[in-house]
Amino acid sequence: MVEPVTPANRRRDGLARPVFRALGRLGARLAGAIFVLWAVASITFFAVRLIPGDPAQAVLGGPGSQASPEALAAVSAEYGFDQPVFTQYLTQLGRLATGDLGRSYSLNMDVGPLVLDQLGGTLLLAVLALSLAWVIALALATWSTRGGLVAARVGSSLEIVAAALPHFWLATSLIVVFSIWIGVLPPISTDSLAGLVLPVLTLAVPLAGFLGQIMRESLLIALESPFVLSARARGESERGVRWVHALRHASLPAISLSGWAFGSLISGAVVVETIFARPGLGRTLLNAVTLRDVPVVIGVVMIVAVAYILMTLLTDAVSRLVDPRLRLS
Amino acid sequence: MLQIGPSIDFGPIHYWIESNNCILVGYTSGKETHSMHTWSNPHRAVRAVTGLALAGLFLTGCTANDTSNIADTGDPVSGGTLTYASGDAEPSCLDPHVGGNFPQGMIAAQYLESLVSRNSAGQIIPWLAESWTPSPDGLTWDFTLRGDVSFTDGTVFDAAAVQANIAHLRNPTTLSSTGYLALGKVASTEVVSPTVVRFIMTEPDSALLESLSQVWLAMESPAALERSQDENCVAPVGTGPFIVDSWVKQSAITLVRNDDYVSPPADADHSGPAYLDQVIWRFIPDSASRYAALQAGQVDVIDNAQPDTIVQATQSDSIEHLDSPRPGSSNRIELNSGKAPFNDVRVREAFIRSANVDDAVSSLFQGTATRSYSALSSVESTAVSDPTLFGYDPSAAAELLDAAGWGETDADGYRVKDGVRLSVQFPVSTNQSIPAEQSVFEQIQATAKETGFEVKLAPLDLSSWYAALATNDYDAVSAPYTKVGPDVLRILYHSDSIVPAPSGYFANLAQVNDPQIDELLTTAASTTDVAERTSLYADAQNRILAGFYILPLYDQQNHYLLRSDVVGLRTLPTVAVPTLYDAWLNR
Amino acid sequence: MSAAAVLSVRALRVGFGASAPVVRGVSFELAAGECLAIVGESGSGKSVTARSLLGLAGANARVEADRLELGGQSVLGLTDRAWRVRRGKDVGLVLQDALVSLDPLRPIGREIADSLRLHTTLGAAARARRVLELLDAVGLSNPELQVQKRSGQLSGGERQRALIAAAIALNPPLLIADEPTTALDVTVQAQILALLEQIKLSGTAVLLVSHDLAVVSRIADRVAVMHDGLLIETGRTERVLVAPQHEQTRRMVAAVPADKPRGTRLSLAASMPLAPAPIVSARADSTRPTASKPDAAVVRETVVLEAIGLSHSFRRPDGSRQLAVDDVSFSLLRGHTLGIVGESGSGKTTTARLLLALLPLEQGDVQLFGQAWSSVSEKRRRRRRASVGAIYQDSLGSFDPRWSVGEILTDALGRALPQTRSARRSPENLARLTTLLDEVGLAATVLPRRPLELSGGQRQRVGIARALAGRPDILICDEPVSSLDVSVQAQVLDLLDDVQRERELSLIFISHDLGVVQHVSDEVVVMRSGRVVESGSAARVFTAPEHAYSAQLLAAVPRLPG
Amino acid sequence: MSDLAQQAELTTRSGQSGQPLRLGVAEGMAGVLGLFLLISAVAPQFLAPGDPLGIDPLAAFAPPSFAHGFGTDESGRDIYTRVVHGTQYSLVIGVAATAIGLGLGIVLGTLAGMLGRVVDFTVNRFLEVLFAFPGLLLALLFILVFGPGVATATIAVGLSTAPGYARIIRGQLIAVRGAAFVEAATVLGRTRWQILLRHILPNTLAPLFVLATLGVGQAIVWAATLSYLGLGAEPPTAEWGAMLSAGRTYITSAWWMSFFPGLFIVLTAVTATVLGRSIDRRMRHA
């Protein structure tokens, strides 16, 4: 029953309205992001408080160490473990607010620089994998909807199998085949092109399976929609129908999924970076978890949360770019 | 004793799955202070050295392989980059004074040097110190230093530098563990002249030279030590053949050649700068990836080689194998005699008789490890081996259990006594036991089950593993311990070692509490006569073995695999860390 | 017809896969400047026929014909590449609802320019100019502004014009319009029809495909009635509509409700056995008091439902409020039908939901039998809900998809739903259900079926049965026939008329279709933008509207000639 | 780890695309595999009479052969036997983790979908926060606090899938709540509780069966990942992830040790997906 937005009543609003609205939306976004970061920090903080054992002991090398009571006390004072939990929490929040992620128990360095250092490698991996997954998914979706039952079945089966591949198994299999049997690609990942192939493939293939399924379904829907019929009636070729019209629609759900996909790539990076001996956030995190290195865990979690939020904003922006309808609401 | 005993300070370092055997080596030096009194008597020292020479055979056996390699390949060629892939966890600090563990030692040996070294025969040989003289009472030692050595930052290496290093090690804020403990009997140092430094002892310490030979007590530039610890950790400055160039955390450490290098140890193959231009030191925790990288030629040397890859390598022309077992204890399972069910010697023997170790070792290690029947590493001359005690004999085991009151069997086939199942809690450190070793435990679990033991293997990460030990929540455990000389027995089996340190750790995990053993070990530690000491240790070992406190498995494994075109790589006969000084690439 | 036939079709047959053909031999010709309307109900094969003329019947369609000529050239068996050259240039297509027939992600200017891009060598600037000309030609005001917009930003009429502009961009000699006005409001519909007529007059041959006889009668020169894949009757429009020859055509003509007096049966013999037909209407000629001329004493006795100054508003996305219903008042008399008519956005459905007390009232009150209805608590209202039934446009959505017809009706009969299969099958329950189904003309065989498995007409009958199950006095029908074919609509309207008489029901009948409202109502309320613009007796409003808007609406209603 | 959320959205969409019921061959194969897996889980002795823990050091590292179809591992255990016997662990972990995730998701989703704006807003923000922890991160954090092991790994996987389920359930609930048939029931004079119990809950929860089927496959993959990282099931348990992890050490010399457990993880996940989507399609078209 809402009156449709007609040109007339939008002109009435003048210019100020849209600007304010955009600012308001940005503000709400920012507030939401800050809230999420605060909550992530708080949950992580209190979760790690639950970890059994004296954190000072962890700083000094864990229960196997032979730290003297004096050393423990000194570390407790230095790290503030002797303060009430709530005070520690506030201190931690205060430090986080100023961008200080604290000092690693195990790596003898500040967490901020460490995590930022590792971020690059993981981002490179994630971005390449996401791009490759998109390319594979697009290729698979367009090919398998070209017509013909065989292509559709093969496409759909490939997608389901790809989506079911565990990263660790895929990585191992790729190493066996390409590094050990054929010997064309290095089993240890470097930032060289050859070194990136296997880890990127490992991350991209299962993701491509997911994205491909979604793209194929939405492509089928788009190809059956009236505007595609209209376009064909105008004399548009099959390729034109796909590239000018249908794929744009079909990519929308996959775009909004890319935020989630990014998160899953971070999860996958834990495995992939370990197997391919690549420096990165995932490997840092796994090490920190096995070492109970709380500041590093919080640091990685925070940076991943920030990256995830940015990624969500980015996918929203791309969605708006591809689907102008979203800009209106 | 307790203050020194279990010097298990891992510093801030923890290990990946494969970083097994090496872990405890770093603490060796701490115990040596007790084991080597006799060195103050030069006469006896000679005899002790011959004993060690026997042990050294194992080392020469491996390196010989390598040296023959040189003969085949002609003259060494300078240049090139060697990539070393370690299976250990990446150190948090490249200065081995800080903490002091094996991974630190392995890389530090490339850019730091010690006052003395050992040759493959086990004799102490000059390095940065040209000579040394102990006072007759053993309370002062004068070291004469080489006068022509500078650190790579230009600082001159002199007596003051030695003094600064000792002070650095003893400074609590350095958080040195290994080095600190090794210097336990050093009261102070004095600069006698620029080239002579004097160590003043609180009591005689026959292990001083052994201690100083270790990479954890290597010499660093006093100017560099003045920097903050963070800075020094990233790029320690030494006198070694290589210089730390850069360190990208969790990726690689790059070392470049020290072109002004003049101070190789006396047993080196050449003099002057190293052959290699550059060394890339990587950390690849996954053993399969590490080997695949070696096969692919992506790396040139790997450590912590797994048995199956060693077997593969021996069949390959392109990969060579270097085996260098470590000193100290053997790898063995210790049975907790402090509580039921292993407080009964019959149950302990039954367990040992029910475990088919031979088949397990031969199938899993595929000939790369030899079965041990001793508490000590086979490199120890004083080791006593008694295969008769450890034969697989399920029927004897069953009789022993019947005799011990575990005659009943429950529905699952496990022995029961007073309604309690015959269970063996076996926490396994996944950081310290390589997969093959964990599989050995699984096979022991399977064979012991046939006799009626329920072995509960609990693979744990390091923290949880220590926690399980500290709370006495174990019946069996495997914890290798590296230390040169039989004095390791005192650490491991003297009843004093049952009392836990503040952190809860204790070394006598078998909880051997035998006054006779205590006395034998204490007496041996203060006995300077080699023959008498050897016999005392033999008596102690016999008692330990006969008490069925331990189930020996094999030596602590230390295998390297290298591309065939890597020539001249050897391990330092001190603690079996590799040195790349003589290595060159035959490409 | 003329020698210069733009389109000539002889014995066109279209089938899909192995199933029976859906077009079974259709022949017709179309000359320049002529408009032929193909009329048929859903499933008759009219759309498939239209699409075959563009080679767009579908990937797995088998298209055969003795002759299929566009502009004198055979297009039988053309490759897709060859078809593409002709589409847009030789023949244009206009589909229903431009909201989805124009790419909702692209500006209409780009969509229109696509035809030019594909078939001409015009540069971008020239294309842009031509697009503006086209938009101007189809009567879109402010083309420079509109060209940047996407279909979602335009009103229904505007985007339909844009769609037509895209189809005629290259002046194709033939324009095929497939239900071009179906989703549009009646006034807009009239405008679009006028536009199509103008295009026809400019010399373009127009093939109009529609289910609505009244609509096509406006511009079609000839009508071809399609039924079950065949053209059953073809002829001049007046002749077909005034003197239909074929049984099915007669049925369709009879089913058009507009201008048929209240109580006239719309469905012909084929659907008669559904209910006995008490033809005589006591009310048809009576001079009852109407809402516009209230006689106070009578009203108090006979008013069953009264809306007094109803208002309701919605929150817009930006937080401001939008009045959807603004001070609406009317009364429903016992046994009468009150029609509420208005275009989309007029607040009809909101009014219905307010009457059903499904939305909170902001102002005003609804009284049921003179007692407060909407201002009491739901708990107190619940007991009286049985006296008000409702029938919905989307009958499928109004049924729980997990329930069978038997379960739906058992539930509606007011009993706790028998939990066991045997209880549902108890003779007593079964008898009650059968009676109810009988009343709406359904057999007991539908009981185990789910609504999804029923046809649209059957579903709406089940919906009526459900509404009747609680023995209501009042039925509120919100667009009950809007999504039905005209002959099914006729049956349902007849059914509603029957049950109203039998049960002495009072009806609120909401529709956008003036023809339907005119046919069923005693009194009429005309709504626009949430307000009542006019109300009064149906006879008066439909003959002498007082308000200009009512008059405009009325004028726009498509009617059969004669 | 909300893969299954995507999966669910996928099935919803595929239901709308109006495709005919294809995939007959795939469904048949999935059915056979599903049956095999079910028998493996319930009565593994029937398919593999051997002892999954029985060692035979002399037959270690045997490649696939007639005697050992999938080869043997480092202790000479038959990998086929272990894979078959491992099905129950993997299935139990998968089902339990899905039950936990789904249970939590139902609670959160119902709270958000039924209890008004404030609760909905709160729960939604909470879910947003959980989504900012990529699945494995949440699982690792949980394991960090409660220690590794099968139980924690199962709960961890369940926890990390919960937000995805909650979001789906909330959406479904809101859609059903606003459905025309709910309004129709109000018009018929049904109370809120009657409507909730008779219409809203059945229509919300029925699709969850499909979701759960899809979820089990994904949960198995994730639980195996945790085992692979040494944070789940412990060797020599015949759990697939743990087997794969153990086999990985010997990948250069005995590929079959990791290939077959991995193959079964993939096959199980594929089977779950195919069956889930097929059930879904059939339910829709029923």
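Labels A, B, C and D are assigned to the chains in the order they are written; within every chain, residues are numbered from 1.
The rule is simple: a residue touches a chain if its C-beta (ideal position, glycine included) is under 8 Å from a C-beta of that chain, and two chains touch if they have at least 3 such contacts.
This is a predicted model, so every value here is computed, not measured.
Across A-B and A-C, it is A-B that has more C-beta pairs touching. Rounded to whole angstrom units, the spacing between the C-alpha centres of chain A and chain B is 43. Our note on geometry: chain C versus chain D, Cα centroid distance of 46 Å, whole angstroms. The distance from the centre of chain A to the centre of chain D, with each centre set as the mean of the Cα atoms, comes to 21 Å. For chain B, residues touching at least two other chains, in rising order: 286, 288, 292, 295, 461. For chain C, the set of residues touching two or more other chains is empty. Along chain D, residues 147, 248, 251-252 each make contact with two or more other chains. Contacting chain pairs (ordered by label): A-B, A-C, A-D, B-D, C-D. Only residues 353, 356, 358, 382-383, 385-386, 388-390, 392, 394, 397-402, 411-412, 417, 450, 466, 470 of chain C touch chain D when the two sit together in their complex.
Listed in rising order, the residues of chain B touching chain A in the complex are 6-14, 85, 89, 92-93, 98-99, 172, 177, 229-230, 233, 248-251, 282-286, 288-290, 292-293, 295-296, 298-299, 461-463, 465-467, 470, 501-505. By the touch criterion given at the top, residues 1-3, 5-7, 9-10, 13-14, 16-19, 22-23, 25-26, 125-126, 128-129, 131-137, 140-145, 147, 217, 221, 224-225, 228-229, 244-245, 248, 251-252, 255, 258-259, 262, 265-266, 269-270, 273-274 of chain D touch chain A in their complex. On the side of chain A, the complex with chain D involves touching residues 32, 35-37, 39-40, 43-44, 47-48, 50-52, 149, 152-153, 156-157, 160-161, 163-169, 172-173, 175-176, 180, 210, 213-214, 217-218, 220-221, 224, 253, 257, 260, 263-264, 266-268, 270-271, 274, 285-286, 289, 292, 297, 300-301, 304-305, 308-309. Contacts from chain A toward chain C in the complex involve residues 1-7, 21, 147, 225-227, 229-238, 240, 244-245, 248-249, 322-325, 328-329.
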